[in-house]
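In what comes next, subunit A is part of two complexes: it sits with subunit B in the first one and with subunit C in the second one.
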Partner chain A sequence: MLKRLNMLGASVLLSVIGHAATADVLLVASVEAPFTRLASSELTDIYLGRRTQIGKGLAVIPLDQSGNSIEREEFYTRYIGQTPAQIKAHWSRLIFTGRGQPPQTLSDSRAVIDRLVSDNTTLGYINAAYFDDRLRVVQVE
Partner chain B sequence: MSNPFYLQSPKTESAYGNHTHRRLHHLANPVWLFSILALLLLIIIWSGTYFLVKKEHSAVERQTALSVGEILDTYEARVVRALREIDTTLKLVRFTANSVDSSAVLDILQAQELLPPALLFTVSVVNERGVVVESTNSLLIEQYLMSPMQSGQSNDTLAVDRVITDDVVQLTFTRPLMSGHETVLGWIVISIDADFFVSSYAVRSMGDQGMLALVGDDGLAHVVRAGSEIYSDEVLEGTPWVKSKRDAGLPLFLTTWRGEERYTMVRELYSFPLSIVVGLSKNEQLASAQAIAKKYWQRAGWASGLLLVVFTALGRFSWKLQQERQRVMEERILHAEQVEHLAFHDALTELPNRAFFSYLVTQAVRLGERHEEPFALLFLDLDRFKLVNDSLGHEAGDHLLQETAKRLTSAVRASDVVARLGGDEFVIILHKVDSQACVTPIAEKILDSVREPFYLAGKECHVSVSIGASLFPFDGLDEQTLIKNADMAMYQAKQAGKNTACFYTTELGLETDVRLMLESGLQRALDQKELKLIYKTKHNSSDGEVIGIEALLRWQHPVLGLLEPSQFISMAEESGLIVSIGNWAIEQACKQSVLWQEQGAPALTIAVDVYERQFYDEVFVKSVNDIVAATRMRPELLELQVAESIVLKDVEYTAGVFKEIKKIGVKIAVDDFGMKYSKLSSLKVLPLDVLKVDATLVDSLSGTYSEQQLSFAVIKFGQCLSPKVFAKEVSPQQQSVFMHGLTALQFHGFYSSETFENRKF
Partner chain C sequence: MVKQIARFCVVFLIAYTSSGIADDTYPRVIFNGFGTLGVVHSDESHADYVSDIFASKGAGHSNDWSAQVDSRLGLQATLHVTPKITSVVQVASEKRYDGSYAPGIEWANIQYDLTPNLNVRVGRMVQGTFMASEHRKINYATPWVRPPQEVYRLIPVAYFDGVDMRYQYATDATTNELRLGYGGGSVDYPTGSIDASDSWGLSHRTQWGATTLFASYGELKVSVDELSQFFDIYRSFGPPGELIANRYEVEGKRSSVISLGVGYDPGPWFVMGEWARSTSSSVLGDNEGSYLTAGYRIASWTPFVGISRARVTSNTSEEGLNAALYPSPFAEGAVLLNDILNDVLASGMQQRGVTLGTRWDLRPGMALTAQYDYIDMRSGSPGGLINQQPKFDPGGHINLFSLALDFVF
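Entry: the complex of A and B
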C-alpha cells in the first residue's frame, strides 16, 4: 500500500516537473468505500455516464469538479483520456437526447472530499495536496 | 413450230413474280428482321431497366421521406424538451427569487440540484442595469451581460438570442425578473453553447452529409450542423426554410445548401419562436439506389452487347444464306432468260430466229386481219456468201453475216423486224406497207447498204443480196404462203442476175410450181424411165450425106408433157442427179448404137452430151469405160460432147480427162464453140475430135455482113483446132451460106434439124 503511495508520489512529482501548470490529481474514495480498485474501462464508463454500477450491483456515484478547475482537466486527460471539450460534447449529446445526466459538480477538491467522506458510494478526484486519512486512492488497472 | 408466245409468257410472269417476290423478301429480309427484333429486345431491356431503376429510386425517396420525418419528429421532441427544461428553470429561478428573500437564489437551487448541469448550462441573474449579480459561472459575476434584444423588453416571454463570445456561439434564453406584473427588476438568463441543439446528430442515421438546424423567427439559423461542420448565423436559402407552416402536410423539399442537395423538412415549433430543419443528403440516400441502378445499367449494357453480338451473328449468317439463295435464284433466272433468248434469237447475229420470226409473222398476220393493216415480207439471200465462206473462212463468213444483220437492221425502220432464218437467209417484216411502190425504195436502200464493201479478214469484199418480196394480204394470207412466195420472188431475183429485188406475182407462182414439180419429179423420172433419148442425124455440108447421129435427152413428163433439157438440167445439176442422168444417157446411146449396128446400120458416130458435174465427177472416165465395156460399143463411134464453158473452167483437169478418154478411144467434141473467145487459146492444148459451133454464131450467118464475117472467122479458127467442125440447127438459108463459103472455108459438114427416136433410119 505504502509502496504504491510512493509510486504515486513519484509519478506526481514527475508530472509536476513535466507540467508546472498542472495539478497532481488523485482518484479517491472514502476509506470505507466498498471498492478499492477499478478497471480503466469501468472508470471511463462511470464518468461518461454509461454505467452506474461496478462488479455485482455495486453502485458508484462519480463526482466532478467545476468546469474550469485545473484538477478537472488533469483528471479527464489522464484518467479518461479525453479533453474537456470532448467530455462537454459527450454530455451535450447525452443530455440533449435525454439519455443521462453528468456527474454532480462540486466547486473544488475540498467539497469533493467532504462529499466522499459523507457518502462512501461516491468516487471522486482531488488535488493530491488535499489527500488525507479519510480517503483512499482507488487503483485503476 | 411451237408458239413463242407461250414460251415467252413465263418471262413476263417471272418479271411480275420477281417484283412481288422482292417486296416479300424485303419484309423477310434477315437484316430487317433481325434489326427489328434486336431493336425490340433492346427497347424491352432498356425500358425494363429504366423502370426498375426508377422504381428503386422512388422506393429510396419514399424511404428517405419516412426517415426524414422520423428524424424530424425525434429532433422536435428533443428540442422541445430541452427548451421546456430551460424555460422551466427560468421560471423556477424567478419563482424562487420572488419567494425567497435572498441574494443567493442560485445557490439555493444548486444545493437542491434543481439547476441544469453547470457543465453545459450557465444560469445567471442580471439586474436591471444588465450586470450579472448571480451566476453558476462565477467568472460572469459583475460582468455586464445584456443581450441587445432584451433591452427594453418587458413582457413575459421567452426570448432567444445568439451571442458570440470568443468565437463560441451561445444561445441565450431570457425571461424578465418581475415583481408582480409591472416592474422589471432584471432578467434571468440561461446560456448554452449552440452546439447543444445539434448534438443529436448521428452519422449512423443521418450519414456524413445530413443536416440539423435550429432557425430563429428572423430566418437566420441559430445553429446548423451539416455533417461534422457547425455553422451559425447562416441564411438558409429558399422559402421552405422559413415559410413552412407547422402541420401543413410537411412536404419533403429538395434543397441545396453549401453545394449539397438534401431532402429536407422544416417544422415550426409550437410556442417557441423557433423552427427546426432536418435534411438528409440526396447523394448519400440515393447511393444505394444508384449503386443498384449502376448494376442494372451495367447488366442492361452487357445484355445489349450480348444480344447485339448474337443477333449480328445470326443476321449475318442469315443474310449470307439469303444472299446465296438469291444469287442462285438470280443465276437461275438469268440462265432461263439466256436459254429463252437463245431459243428465240440467232446466236450469231442476235436477230430473231426462225421460230421467233414465224411467231412474229403470225402475229403480224393476225393484226393485219384484225386492223386491215397490210405488211410486206422480204426474203433475202446473200449472193456470194458461199464464196466468201469458202475463200475467206467461216470466221469471215460469220463476220459477214453479223455485219449484214447490222446493215439490214439500220436500213429499215425500228418498228420493222429483221430475222435470220439460217445460213445466209434473212427475212424482214415491213409493217404498214401496202404496195410495191412502198417497198421498192426500202429494197433499194437495203441493196445499196449491202453493196457497200465489207472488210473481212483484212480484205475488201463485195457482196450483194437478192430480195424477194411478198405482200400481205395480196400475196398470201398466212405465214407459210407469204414466206414461200417471198422465197420464190427471191429465187426469181437470183435468176434475174442477183443483186436485185423481185416481187411475187401469180405467174411467178405458177412457174415456181412447175419448177417444184420438176424438182420433185426428177428422181422419179430416172427411176420410172420417163427420160428418153431422141436422135438427130448429122449431115455433111457439101453433099448432105449422113455422117453421124446426135443423141438428145428428153423427159416425157406425165403432166407437163415432153420437156427439153434446158427445163430440167439446171435442177439436175443442183441436185447432183445429173451424174446419174448423164451416165444413163451415155449408156442408152451406146446400147442404141450397138443395136443399130446389129441391125446392119452403117457405123455412124453417136454424140452424147456430157454435163458439168458429170464431167467433173472423179469417176467420170471410169464410168465411160465401164459403159463402153458393158455395152460392147465400139469406142470410136462414141462422141462425148462437152460444152466449151465446161472445158475451159479447168483446162488442166479437162486435158487430163480428155487424155484418159482418148486412151479408151472415145471421141470428144466441144460444144457451143465460140462463146468464150478469150479463152479460145486454151483449146489448142486439148486433143479434140470435133468442134460444134455455138448456135449464136450460126444465127449470125443470117445477119449482117460483118456478123457473117465474124462467124466465118470463128469457124475458120475452129478448123485450125479440130479436124471436124460442126454447126447445129442450121436452116436451109444458112445452109446456102455455108455452101457459098464452102470453097473458101472448106467446111467439113453440118447437120440437119431432122430428129428421130430409136427408129431405124
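Entry: the complex of A and C
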C-alpha cells in the first residue's frame, strides 16, 4: 500500500514537472509570405478549420506539430486558448461529420521550418530556439 | 440510385485503401474511429431506459446495469480522390432493434467542391436538425454521456439518402455555414418500419468568437405501416371512424421541425442550450423539447450541470368512437381501437430532467464521463421508456446513473 502511495506521489510529481516545462513558441511564416499579421480570431479560425483564407481571399495553410510535443501544447494553450483535449474534441466534430481533417502534422520545429521556407502560403509555430533569418514572426493582434 | 452510390463508395474505398499515405498525394485515404464503452443503471425496474428508441433492450427491467444503452463502435474512411472530390464512409455498430450489433451505415457519400466554399454531396448523410445532430454518436465530442433526449428524440429518422449542399462564408467577425439537404430514409423497429420521404432541411450555423448560433427548419413526410393499417380499421366504422382516421392518419401528411441553439465557450467554462418543436397534424402531434447545460473546466476535469424539458402541446387523449352506436362485436372493437389510440396519444415524451456529471479527460482522445440524471415524467407519460411491464406506472420518476469511456482515434 505504502509503495503504491509512493508511486502515486512520484507520478503526480512527474506530471507537475512535465507541465512546468514550457517552450518559448513563436508563430512564424517565410520572410516572403504575403502576410505579416493576423487578427487573433483569424488565427483561431485557421487552426480550427473554419477559415482557409484571410483578408481579400489570401489562402493560408496551417501546419501542426506532432501530438505530444511541448510546442504543440504551448501553442494551443497560449495562442488558441484551448487545451489539446478540447482541440481533439473539436476535430472529432469535424472529421466524423465529413467537414475535413486537422492541419498537416510535422514531426518537429525543423520540419515545420523546411515546409514554411518552401511554401509561402503556410503558417506554423516553432520552438524559438530554431528561429532563423529565412523566417518572420507573424504578429497576432 | 443513392444506395448504389453508397455501395460504390465502399467499393472505391476498398480498391484504394492500399494506395498512397503521404499527405498531399491523390488518391489517399484516412481512417478514423470513435466509440463508447458505457454502463447505465436505472432504478425503474418495470421498464427499460434506452438512448436509442429502437433498441430492443436497455437498463432497468432487462438489466440492472446495462452496457447496451450507450456502447458503440464507429469506423470511418475518408478518401480524397482529387483535391475537389472526397468520399466519406462511416459505419457504426450498436444495439439494434433486433438485439444484434450489426453495423449500420451512418454516412456514405461523395462530395464535390464547386468552389473552396461551396460543395455538394450525394449519398447518405445525417440530418442537421439540431446543433449536435451530425455528431450525436461521437460522445467524445460532447460533454454528456448522451445528448439530451428531450430534444434529440424529436426526430425518429436521423439520416437520409439524397443530396445536400453546404456553403461556408465569413465576415470579419464571424464564420458561417449554410446547409440545405433533400432526401429520404427509413428505420426499422421490431414490428415494422418508419419511413421518412420527401424530406428537406435547412440549417445555419454562425461562429462569432466564443459564441455559436444555430437555427434549422425542415419538413418531412412520415409513414408508418402499422399506423396506416390501424386507421384503415377505424375507417371500416363508417363516417365517424373516417373522421377520426383523417384527423390522426400519419400517411401523406407533412411534419415540420424547427430548432434554435446557442452556445458560449470562452475556454474556462461553457454554456449551451437548444429549443426545438416538431409539428404534425396527426397522431404524432406537436412536441416541444429544450435543454440548458453549463460546465466548468478545471485542469482535465469538466463538471457540468443541465436541465431539460419535453412536453406535448397537442391533445393527449381522444373520445374516439361512441361504442353505444354499434352492435356487438363492433362495440367491443370500437372500445379496443379507442384504447389503442389513446395509448399512442399518451405515449409522447413529457418530462423534466436534471443532469449532474463530470468528464475527465484522461488523455487527448480519451475521456471518462460519470453522469446522474433525475427524470420526472409528467402527465402520465412513459418518458420514452420501452419494454413497459404490467407493474410499470407511467408518470413517475427515475434515477439514472451512467458511466462512459469515450474515445476517438
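Throughout what follows, the second predicted complex is superposed on the first by the 121 of 141 C-alpha atoms of A that agree within 3 Å, B and C clash if a C-alpha of one lies under 4 Å from a C-alpha of the other, contacts with A are read in each partner's own complex, and residues count from 1 in each chain.
Throughout what follows, contacts are C-beta pairs under 8 Å (C-beta built on N, C-alpha and C of every residue); 3 or more make two chains touch, one makes a residue touch a chain.
Computed from a predicted model, the values in this text were never measured in an experiment.
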Joint occupancy of subunit A by subunit B and subunit C, clash or fit: clash
Which superposed partner A:66 touches (first subunit B, second subunit C, both, neither): first
Which superposed partner A:102 touches (first subunit B, second subunit C, both, neither): first
Touched partner set for A:24, first subunit B, second subunit C, both or neither: neither
Touched partner set for A:92, first subunit B, second subunit C, both or neither: both
Contacts of A:82 with subunit B and subunit C, given as first, second, both or neither: second
Residues of subunit A touched, compared between subunit B and subunit C (which is higher): C
First, second, both or neither for A:41, with subunit B first and subunit C second: second
Touched partner set for A:74, first subunit B, second subunit C, both or neither: neither
Region of subunit B that runs into subunit C when the structures are aligned on their shared chain, from 58-66, 310-318 or 724-732: 58-66
Shared contact residues on subunit A - subunit B and subunit C: 67, 87-89, 92-93, 95-98, 101, 104
Touching residues on subunit A, where the partner in the complex is subunit C: 39, 41, 45, 50-53, 67, 81-90, 92-93, 95-98, 101, 104
Touching residues on subunit B, where the partner in the complex is subunit A: 78, 81-82, 113, 116-120, 137, 139, 193, 195-197, 199-200
Of all residues in subunit C, those that touch subunit A in their complex: 23-24, 30, 32, 34, 74, 76, 78, 86, 88, 90, 107, 109, 111, 116, 121, 125-126, 134-135, 137-138, 140-141, 170, 172-173, 175, 207, 209, 266-267, 297, 300, 361, 363-365, 367, 408
Contact footprint of subunit B on subunit A as seen in their complex: 64, 66-68, 87-89, 91-93, 95-98, 101-102, 104-105
